[in-house]
Structure formats: structure tokens, C-alpha cells
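The structures come next, written out as C-alpha cells.
One chain, subunit A, appears in both complexes that follow, with subunit B as partner in the first and subunit C in the second.
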Partner chain A sequence: MNSQRLMALLVAIIISAPLLLPDGQGIGLVNAILIWSIFVIGFDLVFGVAGMLSFGHAAFFGVGAYTLSLLTMRMGWEFIPSLGAAGVVGGALALVFSYFAIRVSGLFFALLTLALSQLIYIMAGTKLRMLTGGVDGIAGVPRPDLFGIDFYDDGNYYFFLLALFILALLISGLIRISPLGQALKAIKSNEVRAEQIGFNVQRLRRSVFTISGVFAGVSGGLLASLIFYVGPQMLHWTTSGDVVIMVLLGGMGTLFGPILGVAIFEFMREWLSTQTSHWYGILGLIFIICTIGMPKGIAGLITQLWDRIMPGGKS
Partner chain B sequence: MNSTAEAKHVLRCEDIEVSYGAFKAVTNVTYKFKPGLLYGLIGPNGAGKTTLMNALSGRARISKGRVFLNDQEITKQSPHARTWAGLGRSFQITQIFAEMTVFENLRLAAQAHRFRLQPFWRPVGKFKEIANDAEKVLSEIGLESFGHVNAGSLSHGDQRALEIGLALLSEPKVLLLDEPLAGVGHDVGEKAVELIRRVSQGRTVLLIEHNMDVVMEISDEIIVMLAGEILASGNAETIKQDPRVRTAYLGEDE
Partner chain C sequence: MSTIVIGLSMGMLLFLLAAGLTLIFGMLRVINFAHGSLYMLGAYLSFQMVNLTGSFWVGLAVAPMIAAIVGALMERIALRPVYDRDHVYQLLLTFGFILVLDEAVRIIWGLEYKQMYPPELFSGAIEMFGSSVPSYRLFIIGFGAAISAALFFMLDRSRYGMIIRAASGDPEMARTLGINVSLVRTGVFSFGAGLAALGGAAAGPLFPIELGMGFNIIIDSFIVVIIGGLGNIRGAVMAALLIGMTRALGYSYAPSWVDFLTFILLIGTLILRPEGLFSRKGRTA
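Let's turn to the complex of A and B:
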């Protein structure tokens, strides 16, 4: 056992909580964790692996949510093809963003993605009101209708989300250890050298940005169906900010760390918001303390503790 | 016809100029590099040696003139496209993937060379061919016992050797080496010179180096730069005798 496996075990315990706890307690929370995890698993490919800080992912997430809602509610599409379309549209928008933003890096990249996603947010709330329902959003987003199972029951929907979560985890895990993932790590480590040994840096960045857009689009569609609603708030840049916090809190660049970040973030959101209306400020404070105290997030802390308990037992 | 022209000159610069605002870092550089020769590029600090190398490898924008690699124009190509076309380089300031192992560094260079589109459907360890390429170069540069060491913790001399190894994996026809011996101790230096000799077999090498004894000893031809221009070129004896070089570079008065 190593710290990686310990984190995997922690994740497994968290996501199987509804099965372990009596009466399926915490099912709503875990469903939200599964959906946001799909988002951060994709986001960390861009942020943690390739080293690009994007504040534009809310756009792909929100556009995915609208796509699923519109296709199922107005066009009469089935849920699964609509979810696929949510991913495709999220990825396509990410590809479009990348043509503008990939030219620059670092802070400029973060700001450009932020500006582009805010543009989508404003458009959804105003110009595209006919389509998006404006600031009111669209209520009544459906859930899947498969094999005669009632997915409007949260306990059943849990298994649907769990399957997609595991699929997302496998895909992301494979990308990380594939030549593509290694090339992205190389770009993060030393862009000049990566380019000089023959990597097409721009194209690689564009591809991972698009892939993470697909993850965001799918998770956006899933969240809309979980809460039966989509509104422009999902497109707001604070959604991107939340995801950055989740990944940093959990440990960027690790497969399981960001999921632990999601779990803590969502737990805080759920629990703190019942205690005080200033929950977001308190969450921010906790985040600041965490980044100072454990810059590598929970993943870093676990690895550190593990090395202390099991000195020398690296593998 | 074409093949003879190719055999004659592997790399060709036609009146190239690199300018930063009004300052011309490199100007009027026209030169034809023959295949299989080792060229020493010398000149005082600020003469434009590294800028010329940057212009050739695509890291500096050429404001005027053209560059050809094997008769194919590469003037406007990006660095990675030039690498694919057969041009490898090492840097004055070591550029390696410091937090990865030596083997992983080399494997990255191998996959960059082998795959135009990076596969994402299988773990990198399953691609035996790139591991083999990396292992081969690992022993070629004499680091076979350091494969699992983090590249950042290698000695400076070994990092310089790794740089050359990374460039070798793209199977370059032309290899640009920017001060590979800088900061390398004497003992290691001899090993490094041996490595440079070895990698120059069958390919064109352009070497920037400040150690005159080394340059004079291993270069087939020497190019002297001053104030962005080529001042003189020729074999070691010609250069040593050239009064302009003695005045300008070696600082000797007549």
C-alpha cells in the first residue's frame, strides 16, 4: 500500500457512503460529489497535468447543462444522446476558446479564459434569453429513462452517476499515464525543451483543453438533471473559481486528490450553509489557511503523513 | 541534381538578420554547412552566436533572409517543425525535465520523435519501441547507471550530457550545441569532448564553445562572429593566422 492507494481508499469510502450508512444517508451530497468530481477530474488534466490555469471552465459546464436541458425538453431527445451532446458541445466550446487563449500562457491565459466565459454568461442571461430562459433559467430538467428504472429516486440515480464517475476516472487515469499525459507533463515541466524535442506544444494544449471541456460539459448536464434546473449562475466565473479551489484543496496533478477536494468543498457547502449565510466567506478563509498550511493539498498532506508513518516504504 | 545539391549543403543561411528594434543582433549572415562536418562557432560575448543558433532552431524570429535545411525552407517554421525536419539542439542554460528521471526525460524525446499524434489509449510503458530508443541513447551518453535518478539531481556535467541525449533522440541531421562544456570540470570535460566527437559522426554539428583549445582541436571548420556578422571562417590554422581575428577576437594588437 502507498499513499496513492490510501487516497483511492478514502475516495472509495466517501463515494460508497450511501451504501454503508443506514437508510442511504448522505445520498444527495454524494450524488453532487460524483458530478463535481467528473468536472474536476477533467479540469485537473488541464490545471494539474498540463499546468494551465483556466477560469473559463464554467462556460463548458454551463453550456453542457443548457445543451442537455434544451435537447431533452424542447427537442424531445433521449437523455443519453443529450448527455453525449452536452459533452460534445462543452468540448467544442473549449476548442473555440483554445484558439483565442492558447497563444498566451500563465496569467494572461487565465484572464482570457475568464473574459471569454463571462461573455457566454452575459449572453445566456440577456441576448439568448429566448433560448436559455434568461436569469430565470430552465426548470424541470429530466433524468434518464432507462431499463424501466426510476432515476428520479436519488438512490437509483446514484448508481447511474457512479458508473459515469468510474468511467471518467478510468479515462483520466489512462490519459495521465499515456504518452499524451507524459507529453503534457513535459510541457508543464519545461516548455522550451518540450518544444525543442519535437512536441507540438500548442496542439497538445488545445487537445487537453478540449478533452477537459467534454468532462465539464457532461458534468454540467448531470448537475442540471440532478437539481432539475439550469440557470446562468452555472456559467458564472465563480463556478470556475470553485473548481480551482476544489483542485487546490485536494492536491493538483494527482488523480484522487481533487476528488477529496470536491468532497470537502461540497460537505462544507452543505453543512456550513445551514449554519450561517456567510458560509462562502468562511470557506474562503479555510481555503486560504489550507493553501498556506498544506500547499500540495490533502494529497500532499496524506503523502507526507504516510512517509512519516511508513518511512522508506515508498512502494 | 537535387540530391547532389543536398549532399553538398545540409544547412544553408541566406543573408539572415535578427533584429530587436533598432539593434541588429545578427546581420548579413550567409553560410553553407556541409554534411558530416563539425563547425566551431566562436566570437566574443554579445557577438550573436546564441542568437544565430536561436534563429536556426526557430527560437528567434528571422527579420530578413532565409534558412534551408536539406533544401527545404524552414525560415518561418516553429521549433518543433524544425526538429521533425532534422534539426536538434542543446541550450546554453540547461533545459531538461528536472523533476523526472533521466530515463523518463529520454523517453519523452523518443515519443516526441516517434509519434506525430501522442497516443492516449495505452499506458506509456506499453510502447516498447520508445523505451528501447531511450535505453540506447542512455548508454550512448554514458548515463546507463543513472536511468532512475531524477534529472535535476544529476551533476552539471551529466545534465549537459543528458541535454545532448535529448537532442540525439530526434535523429537530427544537424545538431546545434550551445556551450555544452560551460561549467563542466576538466575531467568531465574530456569525457564531454569525447561525446561531442562521437555524436558528430555522420552528422553536421555547430558548436558554440569558449575553450579555444577544444574548438581548435575538434572543429573541421571554424566560424568567427563579431558584432552580429561573420568575420571569418576556415580551418583552425587559417583562423589562427587571420589578422582580423587576432585583432578583434584575441585582442592582440599588430
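Let's turn to the complex of A and C:
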């Protein structure tokens, strides 16, 4: 057993909590964790693997949520095709963004993705009010209707989300070990060298950005169905910021780390917000301390502890 | 006429923020996400000062000083330990500052909108070319112009400016020449924070003071800084006026397209001249 597996075990324990605890306690929390995890699993491909800091992923997340809501509620589509469409639209928007944003790198990339996503946010609140319901959003987003199972029961919906979560995890794991993932790591560690070796850096970046847009779109659609609501807040830049915090907290570039980050973030949101109304500020402080003190997040911490307990063992 | 005045005054406010952003970037290679929060802090602080002392001018003078102290602390405590890491971490830290500063403002001043009034001297309106213009806007234009002139003088002619230019051009060389680079960094960050708060204090009587004000202006400031060319303070002046005028003209002729206009400027710049519209080779400060 190494620290990777330890983290996988931790993740497994957290997401199976509703099965272990009596009366399915914490089911709402775990459902939210599963959905946000799908988002960060995709986001970390861009941030952790390819080394691109995007502050615009809220756009794909929110657009996915609106797509699912509009297709199911206005067009009468079934849930599953709508969810697929949410992913497609999220990915398509990410592709459009990437044509503008990938021209620049580093800090410019962060700023440009932020600006573009803010443009989408403004559009949803004003220009597209007919479609999006403006600042009020759209209430009454449905959940899937499959095999006669009542997914409006959180306990049943959990299994639906769990299946999608595992699928997302598998896809992301495969991408990480695939030639694409290896090439992206090469680009992250030295862009010029990767280009000289013969990788088409721009195209690889665009691909991974688009893939993460699909993850974000699907996750957004799922969140809308979980809380039966979609509003422009999901498109707001703070959503992009939340995802960055989750990934950094958990440990960027690791498969399981960001999921632990989500778990802690969501747990804090749930718990701290009942204790104090200033939880976001506390979160900011924790974030600052983590950024300075443990840049590799919880994943790094676990690896370190593991190496101390099992000296000599390769992790 | 009033459109031009509004545009110029907006431009001047944007310049106060963009100048700090660009100076900080030139010196620390970090984009300060929290700049908008410092601007907001400046507005709240000056509101508080006006309430305490009854004088607008005290607010305008004291708010930037307090914000400068906050800025110096931010740099000393949080940013300094991560200079040798990837720039992304510094960006993330300044993002953390936003959360903390916004929360602090919420705790101290609450959620309600605050309102400030222009000082007695500039509370009226002036007839210019057949239209009436609020004199406070004219004050902002003059004030901004004075500040930017002073800034240019300081950067180009004074010993401090020389040190800043040297330290941002080549920190290693500056250090070997006996310049305390880390002190210069703290100074520049704190100075930039002060400028942002000065902008906030000056903007207080123009807009309602609220929690979202920082974020509304930071996006525009980013756009200004990118269009002007990062680290290029001359470019920032031109770009700030350009964005200010675009906004003002947009509001009077096509209000629902204002945001699109500024974004089109931004995207156009990045596609045509990613180094900034007003950049000249070899100039950093």
C-alpha cells in the first residue's frame, strides 16, 4: 500500500458514508461532494496536469446547468440526453474560450478566462433574460426518470451520482496515464522543450481545456438537478474560485487529492456555515495558510506522513 | 459634454487602480486580484472617516494610508514566503486576500449600502458649453491628472523612481548594487494598495458604497492593464481613458452593450497586439 492507495481509501470511505452510517446520514452532503468532484476531476486535468490556471470554469459549469434545465423543462427532452447535451455545450464553450485564451499563457490566461466567463455571467443576467430567467434563475429543474426508480429520493439519487462519479474518475485516470496526459505533463514542466520535441502545444492545451469543459458542464447540470434550481450565481466567478480552492486544498495534479479537497470544502460549507455567517472569510484564511504552508495540499501532507511512518518505502 | 466629463472621470479612477496594478506587476510579477478589494476598503474607510470627522478631505487622506499599511502587511506576511515559487501561487494568494478582506468589510460595516456626499466645495454643478456638469466629476479629473503627473515625475525623475525602475528591471543586479529589493517590493505593493484606496475614497461620492464595488471595477482595471500592456504605466493612462470613454459613450448611446464593447476592445487587443496597444519596446515603468 502506498500513499496513493491510502488516499483512494479515504475517498472511498467518504463517498460511501451514507451506506455506512445509520439512516443514510450525510446523504445530502455526499451527493454534493460527488457532483463537485466531477467538476474538479476535470478541472484538475487543466490546472494540475497541464498547469493552466483557469479562472473561467464557472462559465462551463453554469452553461451546463442552464442547458440541462432548459432542455428538460422547455423542450421536453429526457434527462439523460439533456445531461449529455450539458456536457457537449460546456465543452463547446470551453473550445470557444480556448481559441481566445490559449494564445496567452500564465497569468494572462487566468485573467482572460476570468474576463470571458464574466462576460457570460453578464449575458445570462441581462441579454439572455428571456432564456435564463435573469437574476431569478429557473426553479423546478427535474431529476432523471429511469427504470421506475424514484430519484427524487436523495438516497436513490446517490447511486445515480455515484455511477457518474466513478465514470468520471475512470476517464480522468485514463487520460492521466494516456499519451495525452503524458504530453500535457511534458508541456507543464517545460513548454519550449515540449514544443521542440514536436508536440503541438496549442492543440493539446485546447483539447484538455475542452475535455474539462465537458466535465464542468455535466457537473453543472447535475447540481441544478440536485438543488432543483439554476441561477446566474453558478456562472459567477466565485464558483471558479471555489473550484481552484478545492483543488489546491486537496493537492493539485493528483487524482484523488482534489476529491478530498471537495470533501473538506463542502464539509466546511455545511458545518462552518451553521456555526458562523463568516465562513467564507475563514475559508479565505485557511486557503492563504494552505497556499503558503502546504502547496501540495492534503495529498502532499498524506504522502509526507506516509513516508514518515513507512521510511524507505517508495510512494 | 457631460459624457466626456463622465468618461474622463471614470478613466481617471480606473487609472488610479491600473497604475497600482501595473507597478506591482512590474515589480513583483504578480497580478493583484485583491486590488478591487483594496479599492472597496478605501471607499469604506473614507466613509468612516467622514462620519467621524465630518471632513471629506480627511477621509481622502487617511483611507489610503490605512490601506497602504494593510497592503504592506499582506506583502510581508503572505506574499514574501512564496516569491521563489511559481507565479500562480502568488496569484492564488491575492485571491485569498479577496475573501478575507471582503469578509472583514462585511463584519465591520455590514451589508447595507453606504452613501457619501461630495465635499461642500464641489457639491454643485458648473455650466460648460451649454450643459451642466457636476463639479465633483471635474475635481476627479483634475485630481487624477495631478496624481498621475506626480507619479510620472516620481518614477522618471526622482531617486525613488530610479530605484523602483532598477529593481523591477533586474532585481539581482539591483541587489548587488546595494538596493534592498525586498524593502522596495513591500514599498511598491503598499504604494499600489494606497493608490487603489485613493481611487476608492475618491469614487465614494459617485457610486453607492457596497461589497460588490471592488469586483465590478477590478475586471475593468484588468482590461485597462492588459490593453495598456502589463507593467507599462504610460500605456495604462491611455488605456484607462480609452475604457473610461468607451464606458461613458456606451452608457449614453447603447447602455446594454457597454460590457460587450469593453470586452471587444480586450479581445481585439489580445489578438492583434498581445503585448498591449501602447507598448514600446524596452520600457518597463
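As a convention for this text, the second predicted complex is superposed on the first by the 314 of 315 C-alpha atoms of A that agree within 3 Å, B and C clash if a C-alpha of one lies under 4 Å from a C-alpha of the other, contacts with A are read in each partner's own complex, and residues count from 1 in each chain.
Please note the rule applied: a contact is a pair of C-beta atoms (placed from the backbone, for glycine too) under 8 Å apart; a residue touches a chain by one contact, two chains touch by 3 or more.
Bear in mind that the values here come from a model prediction, so they are computed numbers and not experimental data.
Q: Can A:Ala115 be said to touch subunit B (first), subunit C (second), both, or neither?
A: It touches subunit C, and subunit B stays clear.
Q: Scan A:Gly220 for contacts with subunit B and subunit C and give back first, second, both or neither.
A: Neither partner.
Q: Check the residue A:Gly241 against both partner chains and state whether it touches subunit B (first), subunit C (second), both, or neither.
A: In the superposition, A:Gly241 contacts subunit C only.
Q: Looking at A:Phe199 after the superposition, I want to know if it touches subunit B, subunit C, both of them or none. Which is it: first, second, both, neither?
A: Only subunit B is touched by A:Phe199; subunit C is not.
Q: Who contacts more of subunit A, subunit B or subunit C?
A: C
Q: Name the contact category of A:Leu53: first (subunit B only), second (subunit C only), both, or neither.
A: In the superposed model, A:Leu53 contacts subunit C only, not subunit B.
Q: For A:Asn190, using the defined touch cut-off, is the partner it touches subunit B, subunit C, both, or neither? Pick first, second, both or neither.
A: In the superposition, A:Asn190 contacts subunit B only.
Q: Where on subunit A does subunit B make contact in their complex?
A: 174-175, 177-183, 185-186, 189-190, 192-201, 204
Q: Within their complex, state which residues of subunit A touch subunit C.
A: Going by the criterion above, the answer is residues 53, 100, 103-104, 106-108, 110-112, 114-116, 118-119, 122, 126-127, 237, 241, 244, 248, 278, 280-285, 287-288, 291-292, 295.
Q: Taking the touch rule as given, give the residues of subunit B at its contact with subunit A in the complex, in rising order.
A: Those in contact with subunit A are residues 57, 59, 78-80, 83-84, 88-89, 91, 95-100, 104, 107-109, 111-113, 115, 118-125, 127, 130, 166-167, 169-170.
Q: Subunit A touches which residues of subunit C in the complex?
A: Residues 30-31, 78, 81-82, 85, 87-89, 91-93, 95-100, 102-104, 106-107, 215, 219, 222-223, 226, 230, 256, 259-260, 263, 266-267, 270-271, 274.
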